[in-house]
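Two complexes are shown next, each including chain A; its partner changes from chain B in the first to chain C in the second.
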Partner chain A sequence: MKADVVFIGGGLAALVAGIKLLENGLSVIIISAGQSALHFSSGSLCAMNRYNDTEVHSPLEYIDLLPPDHPYRKVGGASATCTLLKEAEVIMRRAGIELTGTLERNHYRLTPFGVFTPAWLTLSDHLTLDSLDKVPYRKAAIIGIEGFLDFYPDFIAKGLKKIGFETVKSTVNTPEFNLLRNNPTEMRAPNIARTLTEEGLENYAYALNRKIYDCDVAIIPAVVGLNDNEPVKQLASMVNCDLYSVSTIPVAVPGIRMKILLQEYFTSLGGWYLMGDSATDGIFENDYLRSINTANLGNTPVKADRFVLATGGLFSRGLKSDINHVWEPVFDLDVDFEQDRARWYDKNFYQPQPFMKFGVKTDEHFRCSLQGKTLRNLYAIGSVLGGDFNPLTDGVGAGVTLASAMYVANKCLE
Partner chain B sequence: MHDNSNKTVFDVIIIGGGITGAGTARDCSLRGLKTLLLERFDFSVGATGRNHGLLHSGARYAVNNPESARECIEENQILKRIAKHCIEDTGGLFITLPEDDLNYQKVFVDACRGVGIKTQVLDPQEALKMEPSANPQMIGAVKVPDAAIDPFRLTMANVIDARRHGAVIRTYNKVIGFINSGTRLTGVKTLNMRSGEEKTYEGKVIINAAGIWGRQIAEMAGLSLNMFPSKGALLIFGHRINNVVLNRCRKPSDADILVPDDTISILGTTSTQIPYDEIDRMEVTTKEVDLLLQEGSKLSPKVAYSRIIRAYAGVRPLVAEHHDETGRNLSRGYVCIDHSERDGLDGLLTIIGGKLMTYRLMAEKVTDLACKRLGVNKPCTTATTPLPGSDNYAEEIYRRDSDRASDRAKIGRFGSMSDDIKSRDNVDSALVCECEQVSTAEIKYAIDYLEATNLFDLRRRTQLGMGPCQGQLCAGRAAGLLSRYCPVKRDNIADLASFLNERWHGVYPITWGNTLSKIELTSWLYNGVCGLDNYVHENGVLINRHRQ
Partner chain C sequence: MIMATDFQVKDYNFEQCMKCSVCTAYCPVTLVNHKFPGPKQSGPDGERYRLKDIKYFDKTLDLCLNCKRCEVACPSDVKIADIIQVVRFKHANRPPSLRNRLMAETDLVGGVATRFHRTVNGAFNNRHIKNVLDAILEIDRRRQLPQYARKTFRKIFDKHYAHAQQAFETKVAYFYGCHVNYNDPELGLSLVEILNAVGIGVELVTEKCCGMPLIMNGLVDRAKKNAVFNIDSIRQIVDRGLPVLTTSSTCTLTMRDEYNHILGLDNEDIRDSIFLATRYLYDLIDNGRIKLVFKPDAGNKVAYHTSCHMEKLGWAIYSSKLLALIPGSKTIVMESSCCGLAGTYGYKKENYNDSQKIGKDLFKRITKFNPDIVASDCESCNRQISTSTPYEAVNPITIIARALDFKATRKANGINN
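What follows is the complex of A and B.
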């Protein structure tokens, strides 16, 4: 089995980079073990939310202040990052993902706890505000689903009231939801989404309309449109006021929709997506990775000119750990981590956690190294990258993922 | 409900909502005394909720402290009768390893026999058949009647029975002073930790059952009580490693007990003397974790590679009975003090020290003393009266077969009380905590009938958030339900933030492997998707209230 480029890992980074390569005529294989971090996504992507202790409004203004080994600096600083991220955005839109937002200025998204946090791009069916001072609606109907526990109308109402909304809370029920409830664990967002087509969607719209009263906007849990945007649009057309979703506790519908749309676009362009397989090891010739073996393909090696490691961070198992080591499980690549386990964490859950910085070491072109030796044709992108940045608290997770993905895609095209 | 409690003169005011206070409240109310129980936070927040959950047979103490051992085996047999729904009768093994002295086994068996603990010496092969996870290199094994006990359930059952017999129970009410009349205490001043309201309650006898915090209570009355806090660290494993309690057959030492509790196993403990001013700042160090794993894997090699879900530490309330400045005469036994005899101060009794195992006996002794002071002549009945949840009806409930895991979990937690928890409809049956199978109905019951007002209380009533995910998914759901159903209105998001930080305190010492993967996800969920860190920073939420 052979392709120009093989990606190990099939989440956001691999899909967007893979699509770019396919659009430029290369052959691409993605080897995906299964769920990715996208399944847990809120429906928003962040480029940069925080620099030291200040909230960032315009991510591009801060990029050149970052240390030289920060991924944004490695891809070439503010203007290069801007080009790469905008290109990634265009690819996502072409895949059918409808997005709101711009890199020039962060907007605010409403979280499940009623908190407004900054974001670069958000799915356009989710509630976002450009500023917390100007509220575009007067009164919001916050409408939950009876017995659905991953949506918190009280918390959302509290957050909306704080910035000047009037609110009315309620819950709805439909025959389809009743059926789901027969099993006490079925009432989860993706299961609800599966019932919301045709008649199920009409019944939901009917129930929502009875709870809108004099409100000019309705806010519902993100339980519509698992596979594409169609049900979202149909529902919006049937509801008597503006309608927005708020993400729920994952596994989440918005992220699954993004994943499915990207993956469908990738395969429609002729990419090979090997689902449920994982790379086990590689055959090296000095600093050159000739081929890799996978769990399902047995004795058939997968060959490529270039390989890209996009296996994700600790929770995606792109990195593994034991009581005193962190390692990269496919090739045992060089990894940055603290030697002293007592320094892996901060005792306050709400402070930046040092373990978030752990990841594989890369050179200026995101090439990996093995026992100190840089590998010529093995790159790393996305959350598996290590470095002196905290993807979560700096709010650079998606931005670094996409910037490194597009940069490495360009390298593969050289 | 009209609250007359501050106009009543109570026969007994008990300070402390641990197992000793709860047991004492039950005994007092069963003997017809007008009883008030005051607790500054919630039930079981101290040593009661921070131990092995081991129903000792007494064997561990047989060699060095036969008196304690005798109390243990007697109480062991009583609790197995009156607290069935809190106990799993697993049996226990004391194993001798090649590095231990096999001669000690004979001393041990003789000592057990001397105090009435049934033992059976097993061939190592037989012992391995009985408990396959035990170290196969053992050279000797002795079977004893150890068992597992749930201290949260046990405390709650005592509280429920006390209330059924007229006791007034006040959680989140801290005693901040006493009312004196000459050389007699006649009441207490309290501070409501929620509303900030101060109140006074009059009582004829006041009982200090505040555990390690009893020293502060004594000091408030102008007395001294020498307490020697001893820290014990423990680890919880994500699944049940063993089905039989495993002990090392040697002089008690670090990490030599592994107890199966419900779906998990608990390994402990260390024993470190700590300064008194550190009792509210318990955390487990990476060194303690390493020591526990090193020693524990000798009991069962599985310990070395099983997933750990939590590390925690408790403080043993060791006490010196007399004015002993040296601390040399420390005992793990209990101390019952009549301060009129010791200090010339009437109206105050102290019941302190001891073990979870002997709470009922301690309650009996101090209630006897209170009755004597009050001139009441009523015998103690707690040794023969089953606790709520363990009455005769329990047998019938246990025989019931349900195809729903959450129903079986509920019966396990509440015994014969589980029929009080009703699911009105399918909405009520929806699962909140998937690890521990806690339904919406159970959360509503804990809010309505068990004084649960926040996530910490809910955890201690229902096991919510105590499973492998440590609250990853259920904490948010339960916070949403509290916000909707709890009549006590609080900042539930702030409570949620505190709760997750409290869970984190037990997770960071063991953050590696799957636990590290999970906690990275939890961070992304709550701080990324939900923006909880923003809420904490913007609202100045105090997140270090890890006992509340």
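What follows is the complex of A and C.
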């Protein structure tokens, strides 16, 4: 088995980079051990939300101030990051993901807890605001679903009231939701979304319309449109006022939609997405990775000119840890982490946590190293990367993921 | 006597579940049947309660198809479907019904049915008899029932093919399975002819049903007996250095994984020698060891459907890449989802509607693509797709055999005559 480029890991980074390579005529295999962290994504992507203690409005203005080993500086600073991220955005749109936002200026999106936070791109069916000073609607109907515990109308109402909305809270019920409630623990966003087609969608629209009253906008949990945007558009056309979604607690429909659309586009271009398989080890010749083995392909090694590690961070099992160590489980690559465990974390949960910076060590071109020796054809992209950045507090997660992915894709095309 | 209580899941890692519910989002059953609590609740989540008190055992677990899509989707590698199957074995409190026994005993029924194939095939096509089967056994009258071959594959092979195999130096063994033996000997013969054309001889595994229908219908002790028999038989072949080829994704998954993971049998020494013929052929071609020469104009528009167990095996890449070798063919891998038949599940009267609802999206996608033919490595999917869409659905090996120029292939591989 052979491809020009093989990605280990199948989330946002691998899919977007893989699409770029396929569009340029290369052959690509993605190996994905289980569904990716995109299933936990709110549908918003951030380039940079915070620089030290300042809220960032224009991410590009701050990039050249970052430390030199920050991924944004490694790809070439502000102008290079801008080019790469805009290219990633175009690829996502080409895959059919409908997005709002621009890299020049962050917008605000509403979290499931009713807080407005900055974002670079957000799914276009979600509520976003350019500024918190000017409110485009007068009165919002916040409409939950009976028995659905991953959406909190109270929090949403509080957040909206803070910036000057009037609000009315309510919940709706339909015959489809009644059936779902047979298993209250499975009343989760994707399961709800799977019932919202055809008649289920009409019933939902009917129920929503009865709770709109004199409101000029309706806000619902993001439970519509698992596979694409079509059901969202159908619902919007049936509801008697403007309609927006707010992301729920994961497992989240917006992220699954993004993943499905990207994967469909990737596959339609001739890419191979090996779902449920995992890389087990590699065959090296000095500093060259000749082939890898996977759990499912067994004695058929997968060969490639270049390999890209996109396995995600601790959450996605791209990194593993025990009481004293953090390691990379496929090749045992060099990993940056604090030796003294006491310094892995801050006891104050809300402070930036140092372990968020742990990850695979890479050179200036995102090439990995094994026992201090840089590998010629193995790159790392996305959340598995270590470095002086905190995706959570800085709000750079998606930006770093996509910038490193596009940079490495360009390297593979050289 | 094997006690059902002996069963234990290998990699019993239910505590790794972080309750994300990604599995449930990909479960074909929860989509259509709200009585099924879904894989997370039935598997790892319910396990915590059941360990405390078995009163939390719930017969809705019988609604699980064992399609394994939950395990493929799980970000934490929890053996969700294995947990569900084993707990079903352990706590099943009713003996399986006559219908489930009949459906599970593929060897017994197949043996009798091929002997009386005219009568059985006639009866299975007879509206009145189907109504009776529906009323008494609750086998849904809307299903097209399987048709049985005049002679079993094994008999045809022994009579017409076995002798010629002695001429080959390189040999493989073939685990043909019940479907090939009783319903579709043509598929088995196609494989033998393809292998012979590239200079490989075939011997048949002395075999019993792989056991999946027995597992799914609650005859787990019978399944274990078959498994012990098959492991022993395959071990003798593997010890002689031969690989064991198959043409059914379900038999393959059962013998490679289920024997060990849920029946608790040691198959480690033989596991990696059992694989689908499509994988074997693709690897030989990829390594330049054999050549297939196809007829000109044999190319077709093929929709490759990844069966649930093929998805779990992760081998769709072999079958579809093999099909793509046919010059002028256009093979598209359909987005993978369950066809709904799931072996014996869809034949049962209580499941017919759910079964067709599960497959609906797949049928739509296939119809939209409008292929010349559909290919799948699962006989059950092929039956469901053939009867639920306007297209013929067959095993990839059948398509390869139809497209192959046998004479030219023999010549290209240095085989005389």
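Note that in this section the second predicted complex is superposed on the first by the 414 of 414 C-alpha atoms of A that agree within 3 Å, B and C clash if a C-alpha of one lies under 4 Å from a C-alpha of the other, contacts with A are read in each partner's own complex, and residues count from 1 in each chain.
FYI, a contact is a pair of C-beta atoms (placed from the backbone, for glycine too) under 8 Å apart; a residue touches a chain by one contact, two chains touch by 3 or more.
Everything numeric here is computed off the predicted structure, so don't read it as measured data.
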Room on chain A for both chain B and chain C (clash or fit): fit
Which of chain B and chain C A:Tyr213 touches, first, second, both or neither: neither
Which of chain B and chain C A:Tyr288 touches, first, second, both or neither: neither
Which of chain B and chain C A:Asn182 touches, first, second, both or neither: both
Angular separation of chain B and chain C about chain A, which is computed from CA centres of the superposed model and rounded to the nearest 10 °: 90
First (chain B), second (chain C), both or neither touched by A:Leu392: first
First, second, both or neither for A:Met1, with chain B first and chain C second: second
Touched partner set for A:Leu274, first chain B, second chain C, both or neither: second
Partner chain in contact with A:Asp154 - chain B first, chain C second, else both or neither: first
Chain C versus chain B, contacts on chain A by residue: B
Minimal inter-chain CA distance - chain C and chain B, angstrom: 5
Interface residues of chain A shared between complexes with chain B and chain C: 37, 40, 182, 185, 250, 317
Interfacial residue positions of chain A with respect to chain C in the complex: 1-2, 29, 33-37, 39-40, 179-180, 182-183, 185-186, 188, 190-191, 194, 226, 250-251, 256, 264, 267, 272, 274-277, 294-300, 316-317
Contacting residues of chain A [partner chain B, same complex]: 37, 40-42, 111-117, 146-147, 149-152, 154-155, 158, 178, 181-182, 184-185, 187, 247, 249-250, 252, 313-315, 317, 320-324, 341-342, 344-345, 347-350, 353, 355-356, 392-393, 397
Footprint of chain A on chain C - complex, ascending: 20-22, 24-26, 30-31, 34-38, 40-41, 45, 71-77, 272, 279, 283, 286, 311-315, 317, 333, 335-336
Interface residues, chain B side, partner chain A - complex: 283, 285-286, 290, 293, 404, 406, 426-427, 429-432, 434, 439-440, 473, 476-477, 479-481, 483-484, 492-493, 497, 500-501, 504-505, 508, 511-513, 516-518, 520-521, 523-525, 527-538, 543
